[in-house]
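Take this structure first; my questions come after.
Letters are used for the chains, namely A, B, C and D, taken in the order the chains are written, and counting of residues starts over at 1 for each.
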Amino acid sequence: MIIEGAIIYSNLLVLLALGLTLTYITTNVPNFAQGSYAIVGSYVALTLLKLFGICPYLSLPVLFIVGAIVGLLTYLSLKPLIKRNASVEMLMIATLAIDLILLGVIGAYSEVLSQIVGSTQAKFVFANLDFSIFGFRGILFVSTLVVILLLFGLYLLLYKTKFGIALRASMENPSLAQTMGIDVEKTRLFSWILSGALAGVAGGLLPFMQEIVPATGDLIIISIFAASIVGGLRHISGALIGGYIIGISESLITYYLAMAFGAGFLVYGKVVSLIIMIATLLIAPYGITGVDWKKVRKRLFSQ
Amino acid sequence: MVIRMIKIKNLNAGYGKLQILFDINAKVEKGKITTVVGPNGSGKSTFLKTLFGLTKIYSGEIIFNNKNIAHVPPHQKARMKIAYLPQTNNVFADLTVEENLKIAGYVLDKDKVKERIEIALNIFPELKNILKRKAGTLSGGQRQFLAMGMALVRDAEVLMLDEPTAQLSPKLAEVIFGKIVEMRDEFGLTILLVEQNAKRALEISDNGYMFVSGKVAFEGTAEELLNHEKFKEYSLGITAL
Amino acid sequence: MEILRTENIVKYFGEFKALDGVSISVNKGDITLVIGPNGSGKSTLINVITGFLKADEGKVYFENKDITNKEPEELYHYGLVRTFQTPQPLKEMTVLENLLIGDINPGENPTTALFYKKWIPKEEEMVEKAFKILEFLKLSHLYDRKAGELSGGQMKLVEIGRALMTNPKMIVMDEPIAGVAPGLAHDIFNHVLELKARGITFLIVEHRLDIVLKYIDHLYVMFNGQIIAEGRGEEEIKKVLSDPKVVEIYIGE
Amino acid sequence: MSFDIISMILLWFGLYYIVSLSLNMEFGYAGIPNFGKALSVLVGAIAVGGILDRLLMLYFKINGDFITGSTYATSAINTIIASHPIVGIGILILAIILASILGLIVGAIFILPSAKLKEDYLGITLLAISEAVFLICTYNLNIIGGYYGISTPDILAFVSGEYRGWVFAGIVLIIAFLVFLFFERLLNTPFGRVLRAMRENENTVRAFGRNIMMLRIKTMAIGSAIGAIAGVLYSLYTVNIIANAFTRVDWTFFPFLMVLLGGKGNNKGVALGVLCYVVIKVLLDIYKYNIKYALNIPFEPVWLSYMLFGVLMLLILYYKPSGLIPEKPILTPPMKKKIAEIKQ
């Protein structure tokens, strides 16, 4: 059962880390608001459930769109700074500011929703709504399916369409892409929209896993960054690898620590992510996908 | 009648506050190879970058088809049938050869791209067997073929090449020069070439410019340049203007 | 007498061999120039010498001490300073502050900084020196301007001024006059000459032979990561520049 | 009522000025994006709640669990302070010393894993470390009582309740002023100059013999020591520590807002930034229900303040990135003297 939870959590981390990595590659902005994007999705799903009785699984397409809009708005508000060549510190502070605005909006909204529904909605879970197959939780299948669909879709997009190839081209070398007539601006816009959309979907699934409060986004952002950094912030595939490494180790290591030292250890999941992230930064600062494996092999064999 | 393709008037440009080009006047004629030579640091590569809009232009005009394009952004120049090949990083290393060729035709419609890729592969048959390889794994010569092939795919009228033979063996350089001539003769392309290998480049060119310290030292037909009394001193950069 | 020597430096960038066994020797008090076409490895060589890149093979000796792959901050203490190809001024700081960074003051240690008596004497010395250098470089009227507001040529001068603050034994310069108008470029090299007279050694990468040729003592020509020619003294330098091999790489045969 | 507002403003001004001054050295001068500023404040709370309280328990020989034990210990010491004010002041000084030492060590260790990284990775790592320690302190009740909270000594037990706020504000302001003098003295020196140089261009600073890592470690050690002092004052003022209070928003984001608003790299400018923020914050805190009902907002005003301050931050970044009072060149006494000579 603990493995089940680890896989579900990893799937969600992949969705979130992928968005973070995408926007980092195209615009060089580490987005501290990525976690809150997801919580926006969670609350929209909650609203649809409470007001219209729509099962959160069915509202995923809506969350995709809502997330996309949030991503788009973020990019538009960062754009004046990017145009001015603001330093990366300033851009990071700007995303922290956007994160705070989102937190304010989510918090305010949760109270408004409570009043409409007539009961407090400051905390909620969807786990009780979930179905089960062969004793496994439905979220395991749904989140895995979403990740598979996403990867398949991304593969089709990036490798089979003209725009996708252009997107990869402008990620690798924006100025050369410009000389080919590619409007690099469009690819940036796209990456922010997709990043928000993925987070929105992740947000719809997250309440099946854990309790949601308005500030949950500020908590999961650590795991998201850890996943992206461990995998390597410069490659899309890094988010996939990092998402599973962090997701599984965060769940399993804390679980076994808790078995050994008592249930109190369950709350230290984020500490595990942090330690793995720091270890990665010290050994391979550009993450697993950033390692020059040829050089490593050479060094290993020469000794 | 000589149709002027590009005319450059009193161009001053550089990077940020570092001015590299001083009062450049030049013209590039249609269907001909114009070569810019000069010692290192004379501003010849900067000249190409400036024409394509990758540097800061302080003053001056770049007239193309009767329009001043000095301040048109690069991605729009690509749509005006101007192609620019940087000296390094001129292919997408993470993309396959085929994808590179496709992306070169980004602004064209689908059938046209197919047709142009066909043409490019005819001029560069060397690429046919390596279409599925990632460009990052190619040798220097193959990469240069690919870069030039990409320029052909774009169906450009003007081709600006920045030192296409740099760091290639003399034999490969010779092949590249051959392809440049072929592109001019087969498709009537207008080619603006910047070359370290001044002598050989001028031998295949129609017109030439010698740059020294960011200024035009002398200009004329390629032959006139080659026979200029100070050609060698200027090329080495030993003599001041 | 030799001050700096490299032995068979090899440097790879991925698969590409940027330096392929480079050995040079720089004599004390000389102005040594390295030329070569773009991509021949000149900048890589001086980045390896000054510790900004790490050599894959080979050794660097400075005053017969092995300094291979030492960090830049260590090399400074050997008396080896450098300037950069694109000027890297501290843009938001004044010209005077930019120069003062050239020397280390005990007051840079936070614990010493609080006790003014311990660092004021050195600071006084440094300020005097900075203004002398500014005068020497004819920049004293600009002392309170932000470095980011200067022209490209003035920035290069500020860089040289900063390098002078410590009485270095050797200054490595990466294209000190690129993008500098000829008049100012000659000024810069006249300063270099004066400093040479005071015993400072120079290793310079520069393209503009038309300007620098008459100032230099020793010339290396690089091509494809190797030294292909070398000459010391006016006669030999002339010979190098008419060497068919050198002419070929510049003009093509 | 209005008097209370003034004492609240003074108190918060002092607390936030201390934090912002230390952040200004780290971020404004040295360019270190310390998104983990809250950690240093939390360290101050740990010094008071985690160490001082335990020392008191030892002193009064109180056994039993930490949370109840510290309640007995603090009430025992409060009785003593009530009749011997000098003990209260002594505890304050002891706590500050403890916290500074702890802050010094934590700051130096805190930056270690990231001291060699680029700005973006640096900021991410500092934020993550700070957040992780925050979580541990919140959920582990044995450090500073976690989300239950523990009581701390009332160093002003000898002052009657109605004046306590004023006296405490006075103490905080005096300490804030001393911190200001400390930073002015520390930074108008070659040290301040080399920090700015590091912010502008690390390569140049390295080429001129400085070790970036050592500079970052020293800066963060000092910055965290000072930040911890604010943590001590805050914990002693509230007479009660709850780990949840040391959030990233309150102790990292808002100090960044104040530094950027006032003018990064300018200690006096930062004072203005802090004042602007604190006046708004205190007024919002006090009048939040009046605002809520007057404007008919259907939610807690704290959310509204998040939105407002987030937007304010964006506006500063757009229109006034150098702040209300931009930084000035560092002029050491010898520089001033020489410049005066030249101008004559």
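As a working rule, contacts are C-beta pairs under 8 Å (C-beta built on N, C-alpha and C of every residue); 3 or more make two chains touch, one makes a residue touch a chain.
Because the structure is predicted, anything quoted here is derived from the model rather than measured.
The chains in contact with chain C as well as with chain D do not exist; no chain meets both.
Ranking all chains by how far their C-alpha centres lie from the centre of chain A, first place goes to C.
More contacting C-beta pairs link the chains of A-D than the other of the two pairs A-B and A-D. A straight line joining the Cα centres of chain A and chain B is 43 Å long.
Annotation: 31 Å between the Cα-based centres of chain A and chain D. One inter-chain figure worth recording: chain B and chain D are separated by 58 Å, centre to centre, where each centre is the mean of the chain's CA atoms. Our note on geometry: chain A versus chain C, Cα centroid distance of 47 Å, whole angstroms. A ring topology is adopted by the chain contact network, closed into one cycle in which each chain touches exactly two others. Contacting chain pairs in the structure are A-B, A-D, B-C, C-D. The part of chain A that touches chain D in the complex is made up of residues 28, 30, 32, 77, 80-81, 86-90, 92-94, 96-101, 103-105, 107-109, 111-112, 115, 218-219, 222, 225-226, 229, 264, 267-268, 270-271, 273-274, 277-278, 281-282, 285.
Within the complex, the chain D residues that touch chain A are 27, 31, 33, 35, 113-114, 116-117, 119-121, 123-125, 127-129, 131-132, 135-136, 139-140, 248-249, 253, 256, 260, 297-300, 302-311, 313-314, 317-318, 321. Partner chain C is touched in their complex by these residues of chain B: 14-20, 39-42, 45, 87-88, 163, 166-167, 195-201, 212-213, 231-232, 235-241. Contact residues of chain C toward chain B in the complex are 35-39, 86, 150-152, 155, 175, 178-179, 182, 206-211, 213, 224, 241, 246-247, 249-253. Only residues 52, 54, 73-76, 78-79, 83-84, 86, 89-95, 99, 102-104, 106-107, 150, 154 of chain B touch chain A when the two sit together in their complex.
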